[in-house]
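You will see subunit A twice below: alongside subunit B first, and alongside subunit C after that.
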Partner chain A sequence: MSAWAARAARSVVLPLTLLVVWEAWGVASGNRRTPTPSRVIGAAIDLVTSGDMIEAIATSLARVFAGFASAALIAIPLGLAMGAFRSIERNVDPLVESFRPIAAIAILPLAILWLGTGTPAAVLIVAYAAFFPIVIHTIAGAKLVNPTLLRAAATMGLGRWKTVRTVIVPSALPSIGVGLRIGMGVAWTAIIAAELAVGAKAGGGGSGGIGQMMFVFYAYSIELNRIVACMIAVGIVALALDRALRLALRYAMPWNAQ
Partner chain B sequence: MNAPVKLRLENVAKRFGNAGAAQTTAVQDFTLDVPAGEFLVIVGPSGCGKTTVLNLLAGLELPTSGTVVLDGRVIRGPGPERGVMFQDYALFPWHTVRGNVEFGLRHGPAGAGLDAAARARRVHSTIDLVGLAGAEDKYPHQLSGGMRQRVALARLVANEPDVLLMDEPLAALDAQTRIILQEELLRIWGQDRPAAERRTVVFITHAIDEAVFLADRIAVMTTHPGRLKAVIDVPLSRPRNDATRAHHEFQALGQHIWSLIRDEAYRATVT
Partner chain C sequence: MRYPRRGIAVVAATAIARRFPNVTAYVRTMALFVAFWWALARWTANPALLPSPFAVVEAIIELVADGEIFMHAGISLGRMLLSLGLASLLAIPLGLAMGLRRTLDELVDPVVELLRPISGIAWIPLALFMFGIGNVLPVFIMTYAAFFPILLGTIAGVRSVDRRLIDVARTMGVARRTIVARVVVPAALPALLVAVRLGVASSWTAVVAAELIGAPSGVGYAVEWYRELLMTPQVMAFIATIGVLGYLTDRTLRALAQRFTPWATQLEGVR
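This part shows the complex of A and B:
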C-alpha cells in the first residue's frame, strides 16, 4: 500500500507543480483574461451547466459519426478489393495516393461552396479525412495475409472468391481495426478544424459544434478560459472515442490477442 | 502389395529462379510410385527438397520437367482430394477449434452433400478422434503446440481426402508429445484396419526413428540437388506401438538409414 501510495504521489507531483506555477503566473500577470486553472475550471462549469458544452459535443460527434461511417463504408470494401486484386490496386492506387497529401482542411473551400457552412460540408470533411487511414490499413491488412493460409485454402479446394471472403477478409480485420482507430482520431481532429474554419455561422451557443463555439470565444467574446475548457473537452472526447473503439474491436475480435 | 498406383512422380525436376547462375535445382531425377493405402515417409537432411516434393504432389508447385500423376491424371494444381498438413499448422486464427476443423466442409467441396447436422456430426467425431473434446471453443492462440497440431490433423482428416500429405507435422513438438501423436496418427490412418481401407499418406520428416515407426516404405533423399537415394521397405508388423520401438529390426533400420545420410548431415552442420 505504501509503495503504491508513493508511486501515486510521485505521478501527481509534476502535474500539480505545473498547475500551481501556471496559477501563480496567471495571477501575477494581473490580466483578468489570462487563463489559469481555477478560471478554466470555472469556465468549464459554466459551459456544462448552461448546456452549451453538451450540445456542442453532441453536434460535433453526430457529424463525426456520419462522416466516419461514410468513410468506412467506402474505404473498407475498396481497400479489400485493392489488397486482394493487384489489377484493381494498380488502377486505383495512384488516385488514392495523389489525394492523400491534400489535407482535409484544404478541401474546405470547395465543400463550403458546394454544400454551404452547415452539417453536410462538415460531414464531407470528416469523411475525407477518415477515408485515407482506413483505406490504407485495409489494403495493408489484405496484403499481409499469411501465404500458408492461402495455400491451405487452395488445398481444401476453395476458389479465388471464396478465399477472399473466408481467408483474406478475416485476415485483414485486425489491420482494419487499427485503421478505424486512426481514422476516428483524424475524424475528430478534422471536425474541430472544419468548425473552427467555418466560423460563427450557426445559431450560437453549442448548436454549431464545439469548433464553432470555440471560434465565437476567440473572435467575438475573447474568453480564453472558455477556449481552454473546450480544448480540454476535445482531448477528453478523443480519448473516450479511442477507448470505446478499442473495447468494441476487442469484443468483436476475441481471437486477436494483441 | 498389389494396390493400384495412387501417386506417381516421373523424372520430376524442379528448379527455382530464372535460368542461369541464380537458378537452384531443388529436385532432380525424381521417380517414385506410391500405391494406394501406403504410408510413405520421405526422410533426408534439411535442404534436400523434401518439402518441394510434397508441394509438387499437392499441386502447390508445378514441376519444371517430368510429370506428377494422381490416379492416372496429371496434377495441375491443388485439389480437395489431396489434403495437406502444413509444418507451421496453418490454422485460421479467427476460427475456434471447431471453426478450423469445419473450414473445409463449410467452404470447400469436401462438405458437398452434407447438411448442417451431418457436418456438425463429422466435426464432432473428428475432434473426439484427435482428443480435442472440450477445447472446441478455444482459439488457436490459446492452445499449446501439441493441441494446435491436433487441430491441423483434425482439419485434414475431417475433409476425408484420398491422399494425406504431411510436411514435418510433428517437428515442432516436444519428444513425448511426438511419440503420442505418432501412435495416434497411425490409429487415425487406420493401421488396425485392412490395408484396402487405408488412405494414402506421404509424410515428411527429418527424424529417422519417426520415419521407421510410421512408414510402410521410406524414401531417402540426398541434397544438392535433391535426389532419391534409396527406397527402403519397413517390414515391421502392424499395429505398431511401444514394443515396436524396442524391436531390434527397428534399431537396425534406423542405423541403416542414418548411414545413408550421415555424411551429408555432418556436412550440413559445418556449412
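This part shows the complex of A and C:
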C-alpha cells in the first residue's frame, strides 16, 4: 500500500511543481494577460458556461465523424479487396502510395478552392487524412490471414467472395481496428489544422469549430488564457476519442483482448 | 534486320514488363489517373479550378527552372533537419534515462502523457503569439511534434533490450556508463531509428500546417501563396513537392536505418 502511495506521489509531484512554477512566473511577470493555471481555469469555466466551447467542439466533432465515416466506408472495402486479390493491389497500390506522402493539410488550399471555407472542405481534409492509415492497416490485416485457413476454405469449396466474408474479414478485423484508431487520431489533428488554416486564411468567416475559435482568440481578441483552455480541450477530446474507440473495439472484438 | 523497328520496341517493352511487373502496373495506373484527370479538366473547363495535368507539369518545369521550388523545399527541409536534431537531442537522452531508471520514468511520464494528446498543430495560435511569423514558429511546432514519438520509441527500445545482456555485462564488472554505451544503445538503436522515422512523419505534417499559417517561406507557404493568386497549377506543383519530399525523407531514413543497424530484424510493423 505504501509503495503504491509513493508511486502516486511521484507521479503528481512534477506536474504540480510545473504548475506552481508556471503560476508564480505568470504572477511575477505582472502582465494580467499572461496565461497562468488559475486564469486558464477561469477562462475555461467562462467558455464552458457560455456554451461557446461546447458548441465549437460539437462542430469539430461532427466534421470529424463525417470525414472519418466516409474514409472508413471507402478504405475498408478497398483495403480488403487489395489485401485479398493480388491483381487489385498491384493496380491500385501505385495510386495509394503516390498520394500517401502528401500531408492532408497540404490539400487544404485545394479544398478551399473547390469547396469554399465551410464544413465540406474540413470534412474532405479529415477524410483524406484518415483514409491512408485505415486502408494500409486493412491491407496488412487481410494479408495476415493464416494460409491454412485459406486452404481449408478452398478445400471445402468456398467461393472467392464467401472466403473474403467468412475467413479474411474476421481475421483482418483487429488490424482494421488499429487502423481506425490511428485514423481517428490523425483525423482529430487534421480538423484542428484545417480549422486553424481556414480561420487564418479566410478572414475568420464563421465556419466554427474549435480550431477556428482558437485562431479568433489569437487574431482578433488576444486572449491567451482562452487559447490555452482550448488547447487543453483539444487534448482532452483527443484522449477521449482514443479511449472511446478502444472501448468500442474491445466490445466489438472480445477475442482480441489486447 | 530480323525485326522491324516497332517490333524491337515491343519486344523490349514486354521484356521490361516481365522483369518489372510493379513498374508497369505503376505506369499503367498513373497513366489512367492522368487521363481521367485530363478528361475531367477538359469537362470542367476552368483552369483556375482544375488545371490540366500538362499545365501542372509546365508549372513544375517553370518553378524548377527559376529555382523557386528548390528555394522553398530547401527552407522546409532545413527547418525539418534543425527541429529533428533538436527533438533528438532532447528526447533521446531523456528516453534513455527514463527507460533505465524507473523512478525517473514515474516522475516524468505523467507530464509527457498530459502534453502528448495536445497535437503540435494545436500549439500554433499560442506559438504565433510567442514567436510571431517567422522561422522560430515552424521549428518550434516541428520539434514539439517530433519529440513525443522519438521519446516514446526510445523508452520502448530501451525496455525491449534483453535483460540477460545487461546482466552478463554487469556480472563481468562492466561500468554502468559502458553498459549503456555498449549494450543498451546498440540494442535499442533499431527501435530508436523507427521512432525517429515516426517523428519525422509527424513533424512533416506539422510543418505544412505551420508554414501555411505562420511562416513567410517554405513549401506550405508557397501552396497558400499561389492559392491566393489563384495560380492553381503552381498550387498543385507545390503539393506534389510536399509529397515527393515526404516520400524521399522517409526512404532516406529507411536506407540509413538499414545501413547503420544491419542487425535490426523486421521492426517495421506495417510496411
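A few comments on the model shown:
Just so it is clear, the second predicted complex is superposed on the first by the 247 of 258 C-alpha atoms of A that agree within 3 Å, B and C clash if a C-alpha of one lies under 4 Å from a C-alpha of the other, contacts with A are read in each partner's own complex, and residues count from 1 in each chain.
The criterion applied here is as follows: contacts are C-beta pairs under 8 Å (C-beta built on N, C-alpha and C of every residue); 3 or more make two chains touch, one makes a residue touch a chain.
Predicted model only: the values in this text are computed from it and were never measured.
Considered on the superposed subunit A, subunit B and subunit C are sterically compatible, since they fit side by side.
Touch criterion not met for A:25: it reaches neither subunit B nor subunit C.
Touch criterion met: A:109 reaches subunit C, while subunit B stays clear of it.
Shared-chain residue A:167: touches subunit B; no touch with subunit C. Contact with subunit B, but none with subunit C, is seen for A:254 once the two complexes are overlaid on the shared chain. Of the two partner chains placed around the shared chain by superposition, subunit C is the only one that A:10 touches, whereas subunit B remains out of contact. Using the contact criterion defined above for the overlaid structures, shared-chain residue A:220 touches neither subunit B nor subunit C, since it reaches no partner.
By the document's definition of touching, of the two partners only subunit B reaches A:152; subunit C does not. The partner of subunit A that touches more of its residues, comparing subunit B with subunit C, is C.
The minimum CA-CA separation between subunit B and subunit C in the overlaid arrangement is 18 Å, rounded to the whole angstrom.
For subunit C in complex with subunit A, the touching residues are 21-22, 25-26, 28-30, 33, 48-49, 103, 106-111, 114-115, 117-119, 121-126, 128-129, 204-205, 208-209, 212-214, 219-220, 223-224, 226-228, 230, 232, 235-236, 238-240, 242-244, 246-247, 250, 270-271.
Of all the residues in subunit B, the ones that touch subunit A in their complex are 58-60, 77-80, 82-84, 86, 88, 90, 92-96, 103-104, 107-110, 139-141, 159. The touching residues of subunit A, counted against subunit B in their complex, run 146, 148-149, 151-158, 162, 166-167, 170-171, 173, 253-257. Contact residues of subunit A toward subunit C in the complex are 7, 10-15, 18, 90-95, 98-99, 101-110, 112-114, 136-137, 140, 188-189, 192-193, 196-197, 200-201, 211, 214-215, 217-218, 222, 224, 227-228, 230-232, 234-236, 238-239, 242.
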